[in-house]
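Before any comments, here is the structure.
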Amino acid sequence: MHGPVGYVADKDELLKRLRRAEGQVRGIQRMVEDDTYCIDVLTQVSAATKALESVALALLDDHLAHCVAEASAEGGPVAEEKLREASAAIARLVR
Amino acid sequence: MHGPVGYVADKDELLKRLRRAEGQVRGIQRMVEDDTYCIDVLTQVSAATKALESVALALLDDHLAHCVAEASAEGGPVAEEKLREASAAIARLVR
Amino acid sequence: MHGPVGYVADKDELLKRLRRAEGQVRGIQRMVEDDTYCIDVLTQVSAATKALESVALALLDDHLAHCVAEASAEGGPVAEEKLREASAAIARLVR
Amino acid sequence: MHGPVGYVADKDELLKRLRRAEGQVRGIQRMVEDDTYCIDVLTQVSAATKALESVALALLDDHLAHCVAEASAEGGPVAEEKLREASAAIARLVR
């Protein structure tokens, strides 16, 4: 179990960005169906990837600022576990 | 104008992967709506980002193997322009 | 001013990895001087880049586990500033 | 065996950039030895990583413009092999 999620205050903003990313991915499908020039499709795929990366960074910010900060304030094994988890998530983003 | 796009033979496969990526992004929206734990949302965002990166690499492969290869065979300023375009697209993917 | 740096316990290990990365970059210079095949040079550049990324992730882990965790335990504007700093550093790594 | 490497005309520029990257990595070692604040070390690691990525993109440009273009002009299994190689190198850079 866990308390309120870190992104609770940014939920609407996150959902708006995710819906926009979904729209971008659907737009790329139409481009492929219409035989759009490869480079133009690639530009849109890069844009959608960057949009998802921004969502990930926003989620991570909220997570560090709430879940990790709270756990750190308490200390002990839970704090360590939260830090390990956050580090693994950052590594997945970077690689 | 340009001839048949480089990915013409892989169109169905590309569309399948894009629809899967779209489904992943929609799944992430549901996770956010349901207050899923930040780290679990992040894992899915990383997976969707990787899926889009794979689509980009597949598009780039096809583009190099068809559009760039053909232009190179002809040589001249069109070949140079194609290479510049491909390099810029690769740089956008890497950064 | 700041207290002991987060990586104080991992200093020897970090220095060892940085010296190895330096050796890799020097090796790449020799490869270029010897006209080594482009793809083989590229493979080594990718390896050196990954080595530096691992150093960055290790530094970030230590920073979160020490500097950020301590500041979070105290709370207030210093904690917020530390989180902002860490988020910006993570964004620089990802993009 | 292979002909003249793709980067032959840019060799001096590549070596200059690699020496600068080597200097950056040595500078990071001094920062760690001097207990420089984690975030400042991280900023330099990101800069060195970006410098190596630029070297990689420059190498790849030269490779596409020379080795791959030449092989494409000839066609056949060598051209296919060059494209496969280039695609794999791009994928290593992106991931």
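Going by the order they are written in, the chains are A, B, C and D; count residues from 1 in each one.
As a convention for this text, contacts are C-beta pairs under 8 Å (C-beta built on N, C-alpha and C of every residue); 3 or more make two chains touch, one makes a residue touch a chain.
Because the structure is predicted, anything quoted here is derived from the model rather than measured.
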Label of the chain whose CA centroid is most distant from the centroid of chain A: D
Approximate Å spacing (C-alpha centroids) for the pair chain A, chain B: 19
Euclidean distance of C-alpha centroids - chain B vs chain C, Å: 29
Touching two or more other chains - residue numbers and ranges from chain D: 53, 56, 60, 86, 93, 95
Chain contact topology (line, ring, star, complete or other): ring
Touching pairs among all chains present in the structure: A-B, A-C, B-D, C-D
List of chain A residues in touch with chain C within their complex: 53, 56-57, 60-61, 64-65, 68-70, 72-73, 75, 79-80, 83, 86-87, 90-91, 93-95
Contact footprint of chain C on chain D as seen in their complex: 2, 4-8, 11, 14-15, 18-19, 21-22, 25-26, 28-29, 32-33, 35-39, 41-43, 45-46, 48-49, 52-53, 55-56, 59-60, 62-63, 67, 85-86, 89, 92-93
